[in-house]
Amino acid sequence: MNSFGRFFRLNIFGESHGESVGINIDGCPAGLSLTVEDFLPDLERRKGGTRKGTTPRKESDLPIFKSGVFNDKTTGAPLTILFENNNTRSADYQKQRDFPRPGHADFVAHQKFGGYEDFRGGGHFSGRLTVALVAAGVVAKKLLRLVRADKNDKTPSDNGISVQAAIIEIGGERDPEKGLQKAVEAKDSVGGIVECRVNGLPLGLGEPFFDSVESVLSHAVFAIPAIRGIEFGTGFAAAKMFGSQHNDPIIDERGATLTNHAGGIVGGISNGNALVFRIAVKPTSSTPKIQESLNWETGNVESFSVKGRHDLCIALRVPVVLEAVTAVVLTDFLLTAQKISRVL
Amino acid sequence: MNSFGRFFRLNIFGESHGESVGINIDGCPAGLSLTVEDFLPDLERRKGGTRKGTTPRKESDLPIFKSGVFNDKTTGAPLTILFENNNTRSADYQKQRDFPRPGHADFVAHQKFGGYEDFRGGGHFSGRLTVALVAAGVVAKKLLRLVRADKNDKTPSDNGISVQAAIIEIGGERDPEKGLQKAVEAKDSVGGIVECRVNGLPLGLGEPFFDSVESVLSHAVFAIPAIRGIEFGTGFAAAKMFGSQHNDPIIDERGATLTNHAGGIVGGISNGNALVFRIAVKPTSSTPKIQESLNWETGNVESFSVKGRHDLCIALRVPVVLEAVTAVVLTDFLLTAQKISRVL
Amino acid sequence: MNSFGRFFRLNIFGESHGESVGINIDGCPAGLSLTVEDFLPDLERRKGGTRKGTTPRKESDLPIFKSGVFNDKTTGAPLTILFENNNTRSADYQKQRDFPRPGHADFVAHQKFGGYEDFRGGGHFSGRLTVALVAAGVVAKKLLRLVRADKNDKTPSDNGISVQAAIIEIGGERDPEKGLQKAVEAKDSVGGIVECRVNGLPLGLGEPFFDSVESVLSHAVFAIPAIRGIEFGTGFAAAKMFGSQHNDPIIDERGATLTNHAGGIVGGISNGNALVFRIAVKPTSSTPKIQESLNWETGNVESFSVKGRHDLCIALRVPVVLEAVTAVVLTDFLLTAQKISRVL
Amino acid sequence: MNSFGRFFRLNIFGESHGESVGINIDGCPAGLSLTVEDFLPDLERRKGGTRKGTTPRKESDLPIFKSGVFNDKTTGAPLTILFENNNTRSADYQKQRDFPRPGHADFVAHQKFGGYEDFRGGGHFSGRLTVALVAAGVVAKKLLRLVRADKNDKTPSDNGISVQAAIIEIGGERDPEKGLQKAVEAKDSVGGIVECRVNGLPLGLGEPFFDSVESVLSHAVFAIPAIRGIEFGTGFAAAKMFGSQHNDPIIDERGATLTNHAGGIVGGISNGNALVFRIAVKPTSSTPKIQESLNWETGNVESFSVKGRHDLCIALRVPVVLEAVTAVVLTDFLLTAQKISRVL
């Protein structure tokens, strides 16, 4: 349940204000060069504290290899990466324990785990755990860059497979700065849309019937907190189109299409064109605004405001996390398709 | 890969123009009454041939129990349900084998399976296999109706859990008839949007981190052919909202919320309110229009038109399939949560 | 639970006196030639009715392909093989329903499935289901024969991998005929020991930590009814040996060993030498002798004798079943190790 | 592959001379009291250094909870337990890297992982990892002790389920001291037999077809290094018996049997009697004797002796490990059977 993947299998663990968060990866091929430095750029992209609209909480976020690395290379045995939690202010959360925060997992977690859950900072439900996803993504991206097109592939590339996500809308504005400014002015949190593009992906990934590329990608994507929707290619707009508009004519023998309404997937299988999809990120639940909600202590609906340090627009931090889960899913598909070897 | 579920586990098989399609269900609780009659209403809803906009192919679609039923009750052993394919016209497909149909899996299936795939009528990729999903859904729905609210649940119901899906838009029109009429007039296929609502669902379903309700539902939903997007609650609209607008205030101790922008899921866990989500269905790839695409034989892009019998708007047949996969997913969650017993 | 395997995945179903038994195989590579004739020799080996000591029940046992085969080749989609049950005499079993047969699953099945189980002839617990295992084994063996040694392998072979099992003891006698004769004279059923040898297996199969070759093989082997023990290489005799006796000296750079006490597995991984293991088969529970046991109707312990047609020595029919599960396990390991391609 | 279990799922990681070994448990019910003290007795039983015949390597072996525990109780989120490796003498191993040790995984690990494996002390293949199994076993045993018999169970117990393993033979001697003395005198390592008994186990655990109690237990057991065989109930002796001798007459309505040749399992399902099985442990591969084997450097077979600290009889340390994997397997079965709740 806290695991994902068939061959490149993640096991995630940890809590926001517990001792650590981490990821255990089973099935990582042997012989991949791996150092702390490899992780820093993506960890930096994820980090809050340096940009308008993100939380001032700062963690050093240095990955600690606890197993699976020897002489700076992966061994083929399970890879365990730990992040210590140093910069926690649990007192903030203790104070408002009487209000299960709307939009957060506080209420459902309490019911589901009988009150035994670590509630501090959202505990195991916290966005803090995405640091572990990003770490897994770093490993996966390194593997993807090693994949070379074979002779049947449409996009022969010397750079392997690249995964890139970016914000394309905040608060309904195509200009993210403008959308963020709206939130700052309204003293409210705000949502956004993130788009992910993958280039260099070989044809033939994905498995009928239940493990279509869309199925497995969406499964992983909805593990990221705050995601409310996903669409591939033209997505929801496809529902308004005619078939003759939507179909992508095939124009050469490697499967290149004139248009890419399908977003690179047909019948659940990658078709050799760019993979394109978008996700909707809801506004951060912890808005600075005063809210009305149930007070567990009194049993009444009362006003309160959320304490703690939070992002005004969590979408800002999502792209690198989205890249990570995408890279992880594709790595798993490539191993399944025998396009990544078990020893490099 | 053709399997889905942890406890209530589906194995789907078959091809459009092969001998049969079917479903094998492992983990169905023992003691569920099950007769052919139970299946007829949903199979009828799925069937084409009776409604404007759906294919004239008619199958008798009678489920044949090959294992797992004894004295009209499930035994707890694997349940295998077969549907014979009687009404196939493979010649139609043979004729256009030289054109891999745009929007269909023809091209990718050929590459992925090395030309060994059963290409007739889309083979294993065909929408024909949804008859097997619908059958699994019938079993799952019967189980859901037996689930009784416990004392902590918000929605004490004597009718168990109900799953209902309906078309809410065709070709961009809120009035499905109007949207369909547009397609008939344009002599083109058309897409649509389907919404699914689940009432009576207990709080606490779904598992952190990777098996959120959205994760597992979307995984199953994208196994349905022609789906291009999914959104929960306010979905993509959430990306344009402020946090104070989007948050659902909790108003009582069972978790009832004033609004339901979350669509019944918070932190990946059901919160006891109605589960609501929507999916985008692309226009049927087999449009009656003449198309330009690659001719495998000549290696050139040429005009052709799709033969065979097809739906003008495949979305019309999706609601019962969407209900089926939803019911299957929820059944699995309920077994995992020990809210359905293994012997009834 | 009725599934087995990661990549070459079996789903077994059916009951002894139900409509059919069968196997669904997900993950079989595309392009394997497969005809009914391929199955006949192994099905014949398994069949009772022709040999002293086996049941007079005769089934035609013709495999019916319900999916996954097209133009006599596997398609890469799930392969479903059905066997009809024609020659059933359920009345025999009905008669003695009041006695849960000692050594059989009657009692536990009744408790576990709340009385809903199909009890006729042992239902889903019957040895009849091994016909489905044998069918899966035929497919797996065909794949194994295609595996060619690579340059590092110890046993370069043009015949691929071979799996052969044989009875090495019946009723404590090394001469099976002699052991069987003892049983005939005693008018009692009798047990035996079966040994399996695999030649041509490449080095490196098996996965630490939990998926050692022994782990996965024994998992599969204990799915065969009536098995009470398994030992690899010297097995239980190893417990009486000194380390200097038991260790197999490595004598060349491909891993050949002077002796093979390890039975071809070290550290859970195949070492390139012959894989050798043995299993203990208990005497058929349905002995012709009169037994004392609980009568469910009266609640008393009473004398009764088992009706129905049964094997005097079920071990006689085990070798081909043991080969089958062994071949299935090895196929799965070879796919995992990328030594069998997904398209042939 | 380094994972085991359906519901109570272990992920094991670490290397003998790496930074740490550990276990991640997903699916542990919430609300189980858990402190470091709970682990000490079983960790002590496993530890070498205090008994004749075991390695002088001493680790403090204090479990460190990295996630999943809050206020001394499990939270329902993944439980991660780490053991630091402090007392390593890798230089010993470095010295004999030129000889792949017979009976060890050195040779196969090198081939399988392309030389990237952490070879120090056996790396991921080391018996050191059993400390992580023992830790998982402590958690499982605490859960088993909470299981109460229900009204249909044969063995109403106020103490829950108990799991106990003991050495019953060393070097062929029923008196372990005598067998060990033989080894000390011969200056050689020696094997042994360990028996495990489980009392209080409810009827109905285990799943047809592939997840029989024997299947899943043996799968887990063969993950323990040095195991060469397993037998249930009368085991290999059953192969020499007549059916009328071997069958266990049922003597009451809860399934009690007069004898227990079946070892508590019929048809793969627990029958409410004591579960009894035995395993064969080979002599420690690292014998003090001089051995002949391949020298990787020279390519010749040469004499060498194994350096490092080792057990003369590894079987001495196996009982607590065997209890651990048994407890883990039974916990998983009990969760599957809904006889352990997800919140305590």
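Chains: A, B, C and D, in written order; residue numbering restarts at 1 for each.
By definition in this document, a contact is a pair of C-beta atoms (placed from the backbone, for glycine too) under 8 Å apart; a residue touches a chain by one contact, two chains touch by 3 or more.
Only a predicted model underlies this, so the values are computations on that prediction, with no experimental measurement involved.
Asks: In terms of contact pairs by residue number, which of B-D, C-D or A-C shares over half with A-B?
Replies: Among B-D, C-D or A-C, the interface that shares over half of its contact pairs with A-B is C-D.
Asks: Determine which of the two chain pairs, B-C or C-D, is joined by the larger number of C-beta pairs in contact.
Replies: Most C-beta pairs in contact, of the two: C-D.
Asks: Please tell me the distance, in whole Å, between the geometric centres of chain A and chain C computed from their C-alpha atoms.
Replies: Comparing mean C-alpha positions, chain C is 44 Å from chain A.
Asks: Could you work out how far the Cα centre of chain B sits from that of chain C, in whole Å?
Replies: Their C-alpha centroids are separated by 37 Å.
Asks: Roughly how many whole angstrom separate the Cα centroids of chain C and chain D?
Replies: One centre to the other, that is 26 Å.
Asks: Give the residues of chain C touching no fewer than two other chains, as numbers and ranges.
Replies: Correct list: 1-3, 12, 77, 112, 124, 208.
Asks: Would you mind writing out the residues of chain B in touch with chain A in their complex?
Replies: Counting only chain B, the residues touching chain A are 1-4, 10, 12, 100, 102-105, 107-109, 111-112, 122, 124-125, 129, 152, 169, 171-172, 183, 186, 188-193, 203-204, 207-212, 214-216, 218-223, 225, 227-253, 255, 257, 262-263, 266-271, 280-287, 289, 291-294, 296, 299, 301, 315.
Asks: Touching residues of chain C toward chain A in the complex: what are they?
Replies: These residues of chain C touch chain A: 6, 77, 208, 337-338, 341-342.
Asks: Which positions of chain D touch chain A when the two form their complex?
Replies: So the residues of chain D in touch with chain A come to 1-3, 9, 11-15, 18-22, 24, 26-27, 30-31, 65-68, 70, 73-80, 82, 112-114, 116-118, 123-124, 343-344.
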